[in-house]
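Note that chain A is present in both complexes that follow, paired respectively with chain B and with chain C.
Coming up: the complex of A and B.
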């Protein structure tokens, strides 16, 4: 009798599959393969099923108290959920966000030799459910920890929207004077192939062994379990659905490379620019949620743009250097002229920022006549900002500044590293 | 007296700038730098202006007739506009889509040694203005050329939406039995730094010296002017706003590497699978324009989803493996539960396909409970399709098949190479 959670072998005419037996129905067998993915096999096609290993429930011994070592720095780990704090539940088949924060530390005992650890559960959420209001709560929790005089903070976070959160924290924590590093995992922590350990340990090493202050993201550099990169919070993006090295710095060099033993190699000038001494924390957690993101498409209509007329701001993800369909007048419907008219009308009402679907590179609406039409309509250039960062920045500006002209002016200014100077060494073309 | 179009030197307190003098106003001087970008300098800050070289109008001698060489294959170049067919007009400062197709061939005389050339102007548009109806016209023009027995077709096209068009042609020209290669340029053809020549010549070399049939995209492999890559029409994307090597194959190997002398190196098995002999052209140019693309965002509301209730189909660009906010029930507003409800309702009405903001990698909604909620709501997995390709495919299916269940079924099938098999050598994880 095969039980859920058993490791089994399923033999069909064509295949020989091994994996964990997951909740299935009358007609199908669901197998979780070693890769972590599920495969569904028709029962009709199965010739034979063998149990390789019976399911045994794991037991985790809790160890809540760590001895305080006054020679080590203290890091506070704030948990928000995500894969890094997830378990594969072989009974239900789900990877779910249910991990006791202390278990995570217990799984990686190396941490105790690097720093003293405090741990606090803020949320237990998949990151796609995290909203701007959670960013504000998290920023306030960080402020509390700073008042408690910790030396640095690690935030465990789901990878899906980690770069939205890291950007939000950079804007909300103006003048941040300790290191705050976000860490996630692409494979859950209880799997052999998990990237959680290296990411966590490298973050702790970087916090304790560098002078960095500000918000960074620490994730695997490559498919191998060797080094992590510390990315700038506002210049990083998840660029692969499943790979461990999914996070890439965009239009910027990463801040540093870190290995598990704490060897740090700085890759950019960023660290020299931001000095601990002259920074004073000012927490601004306001956020206007009514900011849209519109990806343009061939054949789009003015209706798609006008949907945002009751919003407070809009990010357009245009094509190439920052274009969208505006220029052609359809002799029958005049449709495209309507898009330009709608754009002008909307830009009078709310700030509209142009970013690019290309992901990499800088928007420049001065090169082509169509770009200039868009500029003249009142659209602001997003320069080399990621559309995700631009979205967070605009929501944050609208949540903290009442004067729309100030919001528009600040959108064009580099506030926390989100816009690179065109000729700077930091801007990687 | 400085005239528009003159090459000048502008000296300010801080800088020493050289460039083409562009139309400027009382307060500002606009300079087009060698990089092709414009820079604006305050007149107040200018200490001195010198003319380096006066503007001279270019004269182009037209040569309309090419001698037919019966030992060479014949390629038809269909022009649609874009940067490749653009000129920098130093008088107006615009890069505009105004190039006589024959001038383009005249600029690259190497083409005449590779093939006989026919040339036809279909459109003269920037690609961001190209709509689905233009794809249909272009497909019919290709059909005409095939009836005229050309050996291959080159389509010059703006880079902004080139991959949308290349995907559309792949779906519209089922069983295509000659090579159709799209070529663009990131720098206009009259510039020294233009990539137009190499892209055009490599496309002609590939068409005449390989057995390839189908639609491909031929663009620079690197920043250098050495080799081009032939990308699969449905697995390619513009991934940089300005670089010459902006086009990258996504989740797939490119088809081949080509150099200017016609040396071809096949990089994938694709060429072996598609055989000329057993293909019969069937042109299906229907397209349903009412298909939306919705990029999810933190804090999104059900209203953003419900906007598409009168559409015929929707592509969702979710996060990670194919997620979006659905799972959290806000105890006050119940807002997120509303998103899941809206999703279920909408998915009953129209096909909804999930792709990923990550660009790279495969969607898999079986891994997390939140993904399974979305699957159970009736959303179709976009697998490893680019969201742009999925958009084109869904519009094309809806334009050609009346039965919604057939549309949904075909969305999951690999029709022209848009979905890779999970373990195939073609799918690059």
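Coming up: the complex of A and C.
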């Protein structure tokens, strides 16, 4: 049996090839040649394969000088996936994620002088696969760590749905009195240029050197490896598919700017740590999955609204100040009456919250008649909430409060910073 | 003269040459910039740790220098890919085609499926921390001056960023060059004479030009692998000029013979053509798979072995065209044989002169920029071929055309010798100088008579 990593000889009709056997599929053999290049050979062409040298795993060298330093604070790193820390097997080229504290320190030696590290693998998944149930599990894990008296928590997370998770944790962990910072990477850590290192180190610096408590997101501020921003968990969105600085605060200033040396510049008001016993952690992990998000568009029909009749709640991403096609103005807009009727019917059954496709700015349905029609139908204004945050909030409220009127009432109230009373001038700067 | 056979000299060549296409993994044009950048970006790289806890020796060496990089970004020839802010796109098909053609020329075995690799490079010359490179073919050969030289590999890779400045704390790289497609041809260590190495390098350079490589300073870099019996192999980088190859090898052999315990290492050519230590020799360990591009199944349909420049040139020279003009015709992608077949009454050498030299002359003598179409040339040459104009008139007609004027070809028709002689007789006066008479004659017959003929007639009359 040929194993991955074995040095083998492959004999085909017209040549003999020697190299390291690499992960291959059932139709081909991938060999790493002496030069380091991989070569792909069609299995049909292979006459014979011989093992020249069986692969003996080299002993993994562990960081020796990792010891507990009682003068430093302790951070627990909870891994959910994404590749904050990866190692490359140069023999086979395989990349594997790493989670042991000593391995993290080996990769990011700066951490050693910032904090003591505990590390735990909770999930290992792409963030697009994360379900609300995972948020609940994660919230309970955080509760456990808090009971173990850590000073702060870093959660490594894929970037795609990171702001959903950060919002969910904010709602689920009421009365949090330690910092919980989510960290991701836009360039995976199997490349020298990964942004993971700076994001992780800045998060550790922020946790150990500030009095902030609550949930935040720590990612690159710009395309440079200079500073990171700590964003409010419920006011942040991934706005770019690939750039390091993809995460931007929306309708809010970030909490702070941090550099690799631990210099912190606060940019907005934040909740500060209080003396032990003065704030009580209340973990509410209920969540109602049957909440939809509907993006309105030209050409939509009332069928799309009616799809949600068996749901428990709906977020509408309307246009502009919170509009959707409900006016009949000519022969082509007759459907709009049906949309308004369906909306009225649906709003009697379930809470419907209006947010805006504009992303930036506040919903205001009082300005135009169509907006007033939508309000009168029973739709709740999502104010300046991001639709993702509104979705998480509604699912969480429905999962924890039975009375629909309380859900509707709380939806309009600012619970964890998701609704701003005032909006500042910042806009894509 | 040193006896290279006796010391067991073995030299291998690695030739890297830029291709004249857009970048290898994005659609940016492959142009270099000298103006101020549109953006400067500061970055740091860190070595990726291996499974066994070790960092690659070269990677660690480079990381250990602890500098920070400043990248100069140009919006007309860079995008988010060069900034490492976007995954790379698919491999440039034209560049791949060129690499496959080069493989065919040297009879190398082309891989069925190509896997793009990442070669870890931490000197900051690549924003990602690695260079993308792909093995296209193996085990070919070339024959140069009757000797067969093995071609080990042909690779297609992206060029690195250009180092602009360096101090204790920072190194500045310009991103214009990053991503330009490079073909790398590596020979076997089959050469044992410094002059032969130069010839082989020249020949391979010609092969690469035949498949669409760029020409000029900075578009080609040669590395030399120099090995003498009983000494470790040394790789020499930064050979710019082919002419310097024999001298560099000679100097390196001298150095190796003087050093007692040399290391296998990478060295850099200095201005005086001796070498200095650059870094340790990299191992195979710094290569791993580029997971952002799927493997490429190679299809050789629609790809045929291209004609070598040297073959093309010989064919053109056989028509009676000088090798200099032949080179220019090939460079400008002009198919001269088409014109030669069509205009059998005109000497091929003159056709080439019209196609290549006249546009240059219009620029240098009259400062007129010409953008002639194929039809412009065909029109003028057709009049000449039918004897309706004289050779001398071609320059003037093309000058008028370049200025955008309409051409009255009847002005340039031939006049009979008899008519010219009669006119000269009518204006001839003994006291007039030759030049004065020529002036009068040319005033009437410009573009229709040869100056030499006029002088002959004047002499007859004197």
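Here is the rule we go by: the second predicted complex is superposed on the first by the 321 of 429 C-alpha atoms of A that agree within 3 Å, B and C clash if a C-alpha of one lies under 4 Å from a C-alpha of the other, contacts with A are read in each partner's own complex, and residues count from 1 in each chain.
We adopt the following convention: a contact is a pair of C-beta atoms (placed from the backbone, for glycine too) under 8 Å apart; a residue touches a chain by one contact, two chains touch by 3 or more.
Computed from a prediction, not measured in an experiment: that's the story for all the values here.
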* To do: Considering only the touch criterion stated at the top, classify A:34 as touching first (chain B), second (chain C), both, or neither.
  => second
* Asked: Thinking of the overlay built on chain A, is A:226 touched by chain B (first), by chain C (second), by both, or by neither?
  -> second
* Could you tell me if A:325 is touching chain B, chain C, both of them or neither one (first, second, both, neither)? => first
* To do: Give one of first, second, both or neither to describe whether A:364 is in contact with chain B, with chain C, with both, or with none.
  => first
* Have a look and say if chain B or chain C is in touch with more residues of chain A. => B
* Considering only touches as defined above, state whether A:106 meets chain B (first), chain C (second), both or neither. => second
* Asked: Between chain B (first) and chain C (second), which does A:160 come into contact with in this model arrangement: first, second, both, or neither?
  -> first
* Applying the touch criterion given at the start, work out whether A:243 contacts chain B, chain C, both or neither, answering first, second, both or neither. => both
* Structure fact -> Footprint intersection on chain A (chain B / chain C) at 36-38, 94-96, 241-243
* Asked: What residues of chain C sit close enough to touch chain A in their complex?
  -> 41-54, 56, 59, 63, 80, 83-87, 109, 111-115, 117-120, 122, 127-130, 133-135, 139, 153, 155, 283-289, 291, 295
* Asked: Hey, which residues of chain B end up touching chain A in the complex?
  -> 36-38, 94-96, 125-133, 135, 158-161, 164-165, 238-243, 246, 289, 292-299, 304, 307, 317-328, 336, 356-364, 366-370, 372, 391, 395, 429
* Name, in rising order, each residue of chain A that touches chain C in their complex. => 14-15, 28, 30, 32-42, 58-63, 86-91, 93-96, 103, 106-107, 186-187, 189-194, 197-198, 223-226, 241-244
